[in-house]
Amino acid sequence: MSKSLKARLKAGEALLGAWCMIPGALTAEALGRAGFDWVLIDMQHGCMDYETALEMIRAVDLGGATPIVRAPWNDPGIIGRLLDAGAMGVVIPMIQTAEDARRAVEACLYPPAGRRSFGPVRVGLRDGPGYFADANDRVLVIPMIETVEALAEVDAIARTPGVDALFVGPFDLSIALGLPPGDNDGKPAFDEAIAKVSAAARAAGVATAVLSNAGVAPLRLRQGFRLVSVVTDLSALTLAARADLQTVRKTLAAGADHA
Amino acid sequence: MSKSLKARLKAGEALLGAWCMIPGALTAEALGRAGFDWVLIDMQHGCMDYETALEMIRAVDLGGATPIVRAPWNDPGIIGRLLDAGAMGVVIPMIQTAEDARRAVEACLYPPAGRRSFGPVRVGLRDGPGYFADANDRVLVIPMIETVEALAEVDAIARTPGVDALFVGPFDLSIALGLPPGDNDGKPAFDEAIAKVSAAARAAGVATAVLSNAGVAPLRLRQGFRLVSVVTDLSALTLAARADLQTVRKTLAAGADHA
Amino acid sequence: MSKSLKARLKAGEALLGAWCMIPGALTAEALGRAGFDWVLIDMQHGCMDYETALEMIRAVDLGGATPIVRAPWNDPGIIGRLLDAGAMGVVIPMIQTAEDARRAVEACLYPPAGRRSFGPVRVGLRDGPGYFADANDRVLVIPMIETVEALAEVDAIARTPGVDALFVGPFDLSIALGLPPGDNDGKPAFDEAIAKVSAAARAAGVATAVLSNAGVAPLRLRQGFRLVSVVTDLSALTLAARADLQTVRKTLAAGADHA
Amino acid sequence: MSKSLKARLKAGEALLGAWCMIPGALTAEALGRAGFDWVLIDMQHGCMDYETALEMIRAVDLGGATPIVRAPWNDPGIIGRLLDAGAMGVVIPMIQTAEDARRAVEACLYPPAGRRSFGPVRVGLRDGPGYFADANDRVLVIPMIETVEALAEVDAIARTPGVDALFVGPFDLSIALGLPPGDNDGKPAFDEAIAKVSAAARAAGVATAVLSNAGVAPLRLRQGFRLVSVVTDLSALTLAARADLQTVRKTLAAGADHA
Amino acid sequence: MSKSLKARLKAGEALLGAWCMIPGALTAEALGRAGFDWVLIDMQHGCMDYETALEMIRAVDLGGATPIVRAPWNDPGIIGRLLDAGAMGVVIPMIQTAEDARRAVEACLYPPAGRRSFGPVRVGLRDGPGYFADANDRVLVIPMIETVEALAEVDAIARTPGVDALFVGPFDLSIALGLPPGDNDGKPAFDEAIAKVSAAARAAGVATAVLSNAGVAPLRLRQGFRLVSVVTDLSALTLAARADLQTVRKTLAAGADHA
Amino acid sequence: MSKSLKARLKAGEALLGAWCMIPGALTAEALGRAGFDWVLIDMQHGCMDYETALEMIRAVDLGGATPIVRAPWNDPGIIGRLLDAGAMGVVIPMIQTAEDARRAVEACLYPPAGRRSFGPVRVGLRDGPGYFADANDRVLVIPMIETVEALAEVDAIARTPGVDALFVGPFDLSIALGLPPGDNDGKPAFDEAIAKVSAAARAAGVATAVLSNAGVAPLRLRQGFRLVSVVTDLSALTLAARADLQTVRKTLAAGADHA
């Protein structure tokens, strides 16, 4: 088995990812083969059920990228199922307190570190009987910091044993700060929040992670983020389609030459 | 009901489309809302079953674009089902002869013009009891010209009553001509084939249609094609994702500045 | 095993059915338990793929009704698969000639009577290893008579060995006769066509079958039809919903009393 | 954008709805086009998963009705996902206390009114970038009152900021009161409960909503309910099918005339 | 209706079961027809969503076995939905305390014994209007004992009104005890845990249940377990396939005789 | 890329396979990882639609086995789609004549060797842009010999350019010969048929293939078959489950010792 995403993260590598909102394995396979270090299947805001998420994890595995997921909520039932499917990391939304973070860790790790239940049905096919012994060392636990409450508790969340990285969701964080959803770099409240999360992570010896895009990712990497998504499937498709259409419509408008 | 795609085609409009290989309604809805005149659901080389194709037709309807389909084969069973689902045009692959074209027309049109069976279950929900009376005037029948045999018979195919347009598949046509799959503009065999199809269509008073992309579409429009696809979903997504990743990887490689 | 639908048909029973256009097992189970002799899953004009059709057959089995299907086309591939799923009868659309009928029979029956391929994977679960020995005696082969060509050949079709009943599709038959789609009783062309099919069936010793509804079914039974559908799922639901809404809207309009 | 369901409710309109238990978009589209003001997709007692619910919301959108949902439980994960899919209202079962209601509101509304997480992937396709600004003004939050505990706290629940209507579930409410499941009008405990909920709603300036049918709906409208369902898909289909079958069976039994 | 699984359990019968991890009705139907007393659909570690679980329950019903489920978590939303689908028993994972057990009972039983919400949409098709009256007498509530905390509280859990059996998960229990996942019979910690659960069950007058296999099941039956699974679908298939392959590979290796 | 299945077959290797009737990727992944040289997804008698078949091909790819398929029929539409999905071989049922075989070859191979249409959407993800150049050298075309007509024409079928192996279906072949479905070794008609197919294959320089099981496979290998299935998923599961149940039931019956 090659070096795990977790090991690479701990070694300080910058790890670039793709974000899946589209349900279905075809797009997941395309992204899994495109050279990303990780591909995230988003069960919070993406449109897939569990069976589809499992197909997508298979498709990402095929391409050699590491499949990770965002859980719909800090719920041990679905988190366990996603890990059984083969997710090697879980982003958990709307963590507010260290206690929330502790419960997220419990859901992700086997005893004694946590309370994950044993039954690695699909991931056992992939990784064999050795999966259990290594799982806790290979699974990433990544709470999201996206509310005022979480910012206030960010140090305690970062120091929660088992937490591997803090995930900044720029959209929700911005809304929480009274800003429009999106990247609000340059606005003090936003920049301070980023800095605060980064400092808390650094102090606790954990990484930072963020949803991003090709335009902003370089900045995020300079800010020290180590898990950085650079493309989101539906946005990328929509933007490309609109741009291509626009290009051809302009040609059409420009010339009577096409008659 | 607004002017149908068929009416617009007959009026000589250049109609730009998007091409769906990805199974699922989310991407179809995104493309259906992106401003294209038509969105094609490809059941020949795309990855969807009929139930999914039906969901995709609904999703395209939502955005106001006209849903059309490519049938997996010149088979009246599936062609009828796709029309019942609400497709307003059918591209039929691997037509070789005028007899093939006649059978395609039969599959697409109600008697007496054809032999389509009545049962517009889903499209009846959309278009109401008036659907039957207008269907033959609104449904496009579009045989593909993509083999040596078809080129030899292209005039007869074009003149087959009920045929609305000839569809050029540049990939199969190129292979048939001994060229690599793709757009082979500039190579005489390819250019002559395009010219021959165009001439046959013009002589018969039908349109020409083609699978294309934003780069080649302007040329196709100048060549007189009136149904021109400018984007294919999976390619667009893959290209965009790879480009975004490349951009950020270069930034990473360029600077130690992100540490 | 109780008496098969085929045996009951041969005994002259009038057998009432429900017609499924809606994909999914919940509605099929509801109809399978509602007291019908048979429930037909329509893969020609209904909206289900094969996997869903199989679920629906299971659901009909649960209620004790006999599952039959309409194939999308006279195609031995899908006909065989539907029989493997447990269908006990196949309605085959758009039969034009005795040769068409012969091929339909071949697709439905094991050698030496036909050419059905062996592999009763799901129906073998239901009926056990004895299925093979009895299948030809229990499966109904029911060609549709719905075109001018079929009317002209109806005697030969009826006499094709292996044919159990002739199915009249009133909608397509009407269109073929230049009438609006629907039941056109009272119009001579329609009445004569019904009479002609009935006579051919009687002469050949086979039954007649028809898509119908509660209003027309009594007439069809008097005309001698023995497999008569009395309800179609989507129509029934839509009509009931519109009627209920109308009722309440009228109450609302009638009274200021609800304020 | 036309006037939202929420705006119409606040204006005092009586709004009639259909209730979906059947998974799948075909029936949802039929109901969405039938003239109802709203169509509810029931993820508590209906049989659909999230992906299917999303298809159903699309299908309802197509017909111009407003899609709302019943969540399986007062769980912010699934509530957020259903809103992201395009639901314009959420009925939340088994609310017992004002604190429960407050959490339901939090799950439905963006900050600062609530804690809904941002990621309107599918609804963003439908409503565009303006969705976020208006969402809190357009989404209905509708707790169910169906237990003894809820009745005792009904005033506090009704006054919870963000609550738009109180939903009476006659079945659970009856069971809670020791009555058989169903509409128990005329039995004092039931009538008093209805009156109590209505009074609490009126006092708090919110509406009342109820699961009903064409027979009882006029009474409910007179009682002041403003969101009233008048048909439930599976019941309507089953009743219609059984009635049609009964009608024809009677004809059969009545006459030897059908031989 | 034949004697329920619950009645047979209360009568002291040893009831053998099959365990489903594979999503899909075909394997569930095969197991449902194979002679097991019960077939469990595992939504905790198995790979199915709710819609698939419902199809599997139908398939088990077809064969005459009793369908039961393992819920993904002690969550009343999904537990209620699984019961509405027709599950006649619910195994609830990771119960730690009597309070957890009480909430599991509440989720499974109608008032006044519990708080289950009424809406038996699919099970109502199967069992008719009488379902409600009998449901509490027929549904099994089975908490899992698989953690150190649960062992410590096992007496209180067993005595929780409404609990019918205690389920031992040998894998998680072993991990909780610091043993490798699996059956650890002969190791004192494991044997004592089994004995402790058994004693608590006996004292409370409830049964014991366990995930097992053909090798260990006889021991479990001697230990007094009354609900004992003897096969797990995916393991059985994988083991059989590997064994068959091994057999033939050996033949190949043994002889040049096959050339 | 490692040596293809076709190359290994041409090199004379005995290649053992597993046969999939169960729809779904979990069982396909289990078999794909179990050490078989190939895993066949059976769309003739198995229970999957195309989308599921595609998921299964992905799952087989994951394990390193070679995915091949049986088409539902000799239909170029579905054959092309299965190849686009990544199948590296196609078994085509009910081939009767050399002309049938020629059409099967045409469906499987790109021009000039055949008429396969270009559009390797999913397999292009897997194998990259080089797929087209090598496809004809890597895809196996395998007609089935299972009727009296095919036996009569077996030499011509075997010599059809592009055919790689002849597949014997023992069930249909037996029925065609008037024998019960199954392996009828020892009965002259069956043995002669096997010998005739083998001789025709040998003479034409193509291989022989067969559906088998662990008991019969050694004989088939001795008879010279080179593609031999040794396990069928649903049978293996059912047999194992019944055997395990029987074992434990016997224990139960044997002893009062388990009380």
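Order of writing sets the chain letters: A, B, C, D, E and F. Residues in each chain are counted from 1.
Operating definition for what follows: a contact is a pair of C-beta atoms (placed from the backbone, for glycine too) under 8 Å apart; a residue touches a chain by one contact, two chains touch by 3 or more.
Keep in mind that what you see is a predicted model, and the values were worked out from it rather than measured.
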Steps needed, at fewest, to go from chain B to chain C via touching chains: 1
Which chains does chain A share as contact partners with chain F? B, E
Identify, among B-F, C-D or A-F, the interface equivalent of B-C, where equivalent means over half of the contact pairs coincide by residue number. B-F
Quick note, more Cb pairs in contact for C-D or A-E? It is C-D
Over half shared numbers or under half: where do the identical copies chain D and chain E land at their interface, same or different? different
Counting in whole Å, what is the centre-to-centre distance of chain A and chain B, each centre being its mean C-alpha position? 36
With centres defined as the mean C-alpha position, give me the chain B-chain D separation in Å. 41
Check: chain E positions touching at least 2 other chains come out as 21, 23, 26, 30, 47, 49, 75, 78, 121-122, 234
Please list, in label order, each pair of chains that touches. A-B, A-D, A-E, A-F, B-C, B-D, B-F, C-D, C-E, C-F, D-E, E-F
The residues of chain F that touch chain C in their complex are 21, 23, 42, 44-49, 52, 71-73, 75, 78, 93-94, 146-147, 169, 171-172, 175-176, 178, 181, 234
Within their complex, state which residues of chain B touch chain A. 14, 16, 18, 21-24, 26-27, 30-31, 34-36, 47, 213-214, 217-218, 221-222, 224, 228, 230-231, 233-234, 236-245, 247-249, 251-252, 255, 257-258
Which of the residues in chain F end up touching chain B in this complex? 49-51, 54, 75-78, 80-81, 84-85, 110-112, 115, 117-122, 132
Could you pull out which chain E residues touch chain C in their complex? 25-26, 29-30, 33, 55, 58-59, 61-62, 121-122, 125-126
